[in-house]
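Report on the following structure.
We just call them A, B, C and D in the order they show up, numbering each chain from 1.
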């Protein structure tokens, strides 16, 4: 088992301990330990009815089905959750609904990011009150030209200072046009209420660098997509938050298991078969592609809110090919 | 006067008619004429108190001072209005306050864009109810990878269909990472309730192309910044919505006048002196730079909402130089 | 005539003086005046035979036909001259051939840029020896990550120090991925052997800023494309080097004349009809599009060197539409 | 040993066979097997004298020192070899010199890319004649707007058809602004004389996808930088061509060995210590940084050709920190 470093070991141990009682805000207790977020999370979609209302019943159904897969927890209102399209009350109701529908022993990450610091603080506090275990906070980005490291450090520090639950940083340049700078990540990793980062940029050199430069902190790095999950584990990441886990959740968890137990040959084989499907439900066809695929795999997909459009027939066929060509359909 | 084309003429005539009664929704009346939006508009900032509350009193004061300048109207909640940091009720209150504070004969453009189509429709309707004359609708951008021409056409068509006031398209790639494609602009120009575009990208070839391809429509192009205002007039734009007009409003209006009356030599001299100050209060130092400059020119600037940060002393000095070097301070 | 500024006037005067004797290196003479490069230049293509040899006979034929148009001169081996595909001896032979074929009173600009400073110096000297009147020097770009202002200033200073002919800076970010920074342009404008810049980026704010900040130098700005020629004149540029002038040369010169004589209304009409054709033979379909179009207009186009490929039939049709839709075919 | 896949095994076997006789063009023999390029290669710099002449003596010295490290071979005239600054005769002389100076059993990869297809063919043939074992061919990029998959497939096919030695594709977007599209790579992998790709972009998802989609071809993927070497091995790459191997060559080869023998824990530790030094001698400080570092490690660095500039003292200090902070100096 010599291929497992300290971080990896700790998450294997964690794996044996999936029944841990949720210890919300435990980081602040006397023991001085942050919550361990290692593991796999699907980036849950928000189901809508034909008239574009949030369909909480379908959300419950999806979560029940996903509940049988050995995830560490669930992320609601990541980029795949269409959070920019939800009103504040809907954002809280989705968190509340997820908390009720999902197994008690799993972590509920909730995307609480807004453009202003104050709104993000308020949303984070409210999401904690309705059951979120940790808050995933996307970089504000509309004024990206002024989002220096100093501005972002200030933003995240304020949010973490006021949040009753641990904060996970979230860098997703495809949506925000902004990478959270590594130097800012390193500074923020020292905050007692910031426990990690979801990095969706896919630059594994950067992921390795963040692991390396935060190695003396209680700080964990999660891959933001299944396309580079194996590579991220190889450089010290401890899990992933993945759109693909909505449809191939068992396989993503199997990939985690192969990495954690050092079965790199099989891990590589599996990883390679997941790249095309992953790209198809993320960068290439986005949430409409993901929701369409969910229907093929027995989940409720349904429409997106406008302005997101349905796939064209040609796009749908290309989407399907990405799965059939790799033996998943 | 041979240098004035039909579009330019119409706006000179318009200039003689600054007292026109606001004819909200007039486009839908039997006459089939859209509102004329030609002219200069400051992109008004939103004043905040030291505790980051909207300071409506200071907004009124600023508007009163700006009211003496021969603007066509005012834009509230453009990018310089920090609209992504305002709650829904604040957004409406700012419109309402501006409506009360500004001269009756000026147009009130209100930025009503949200990420979802439905929210944008609702915000647009509400802003009309509290006094906006036209709605400026920014491109949704968080899912820019899926914001095809088709998706954007669908979005703007829905908004314009439901809006009781005319809609102005708004393309601002520095903030959104997205250019509203020219083919989408051309299609949308045919909608009876879409009257123009504010283009802040600064690509004058694109501005000329939009003018050219919409020449048979009742559709007007406004420059989104004072840095390329003269060039935009030269290719057929009919006005501008400018951050710089908050501080050098009379000068921006003078530039308009020089362009409309064919005094191109003086126009060029003036334009060249405005480029550096304009860049300083937009791309280079953003809203913090604009608000700081407002204080130098007798307006209320005040703080921005976080995560926007104050300028450093070095930045403030560079900002001042951009004005002093060009004879404005 | 009040719309003409000092720069514009000087070029109108220049226009009356098209018969000026070429005064190679005259900048270094006692009079202390740099050569005046104001005017329009086609960015001449390099004709190839079916077997991809340089076809000097066709080059002569093209230049003879172009010689009847009131250009200020010709540019060979700009980006449209496929210079990166030419061997050193071919580069010199093309200059020599052009010098013989073109009218004696026109300026021959020759693109002499190479990646290394030393090679650029040598090519510039050699091109001067075979008849170039001025050297157009593109920014080196392969190591763009290290091409700071300091590095570029050093490069151009060395070239200008050693060149027996005046040097024109050349910024073309679509090909180089690099904008020559304005601060570097301003510094370089003070060099006695640097007379101007061809800017192909199309950012008219930047063009205006360069005009403004070099206003106390003998330094001239040329638009690098016909798409923003009018706008460039409006902010103080004094000419253009244009791919489109290979096929609509008379029209581009007519646009110059309209700008110089203050007929801005007609200038605008003409400019707007040139944008789509210009984009088609530059950014959209590149040199293969330009060469195909040349055949429609009675010039020799011929093949490009590989790896540039011929247009597909669909591309060719779209290319043609860009001309027919604007009344040019 | 279950973590080794077929590709990895083959390269371990290859490792036992480092003494293989060079079989130039062996791919064309009856056996139908392409050359195996698995392993580590330093991207050798080109030494210059104080007067910017190629210093062949120093090149030999550097290669002799590097010859003791268990590299698979050497790359001359990759991006770190300043090939765009070398004349044709220098390019060949550098290859010839390297062939003489390096051990006979190592592979000599030579960068033979030029902008035109014909020049690339000629350079490739000439380099083969003076001793190159394989040609590394960078994507042409000046006309990147027209470098479609079809154009690039045509280019590489022509080169490979005419080359007497195997061809390795080379994608380096930081220098070229262009990614060789995956679909083009897949098509080209079927050519009998194209044996692999050096990918310097650092997108491990893309690297995995290329491995996966060429898995039925005799085609190998090499990481183009040491920053993502472990991650590349993890998804099926078989080696790397690395600037960093000029200074930490033994360590890069140790990382290879750890990956090939499944010691992933130690591999991770080593990889993480190499990221900062690697970034410092590549993206951050470029060749001037690499050559400066070579001097610290007992090699000849020397100056770069202009326009590349020496590091400033502040840059040099930051460069040194990247090595001292990770225990390498």
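Basically, a residue touches a chain if its C-beta (ideal position, glycine included) is under 8 Å from a C-beta of that chain, and two chains touch if they have at least 3 such contacts.
Model, not experiment: these values are computed from the prediction.
Taking shared numbers over all numbers used, the chain B to chain C interface scores over half, which places it in the same class. Distance from chain C peaks, on a Cα-centroid basis, for A. We define each chain's centre as the mean of its Cα atoms; on that basis chain A and chain D are separated by 36 Å. Chain geometry summary: the mean Cα position of chain B and that of chain D are 51 Å apart. Among all residues of chain D, none touch two or more other chains. Chains that are in contact with each other form these pairs: A-B, A-D, B-C, C-D. Contact residues of chain A toward chain B in the complex are 52, 79, 84-85, 87, 115-119, 140, 142-148, 150-152, 154-155, 158, 174-177, 283, 286-288, 305-309. For chain B in complex with chain C, the residues that touch the partner chain are 2-5, 8, 202-205, 208-209, 211-212, 215, 225, 227-228, 230-231, 234-236, 262-269, 271-273, 275-276, 278-279.
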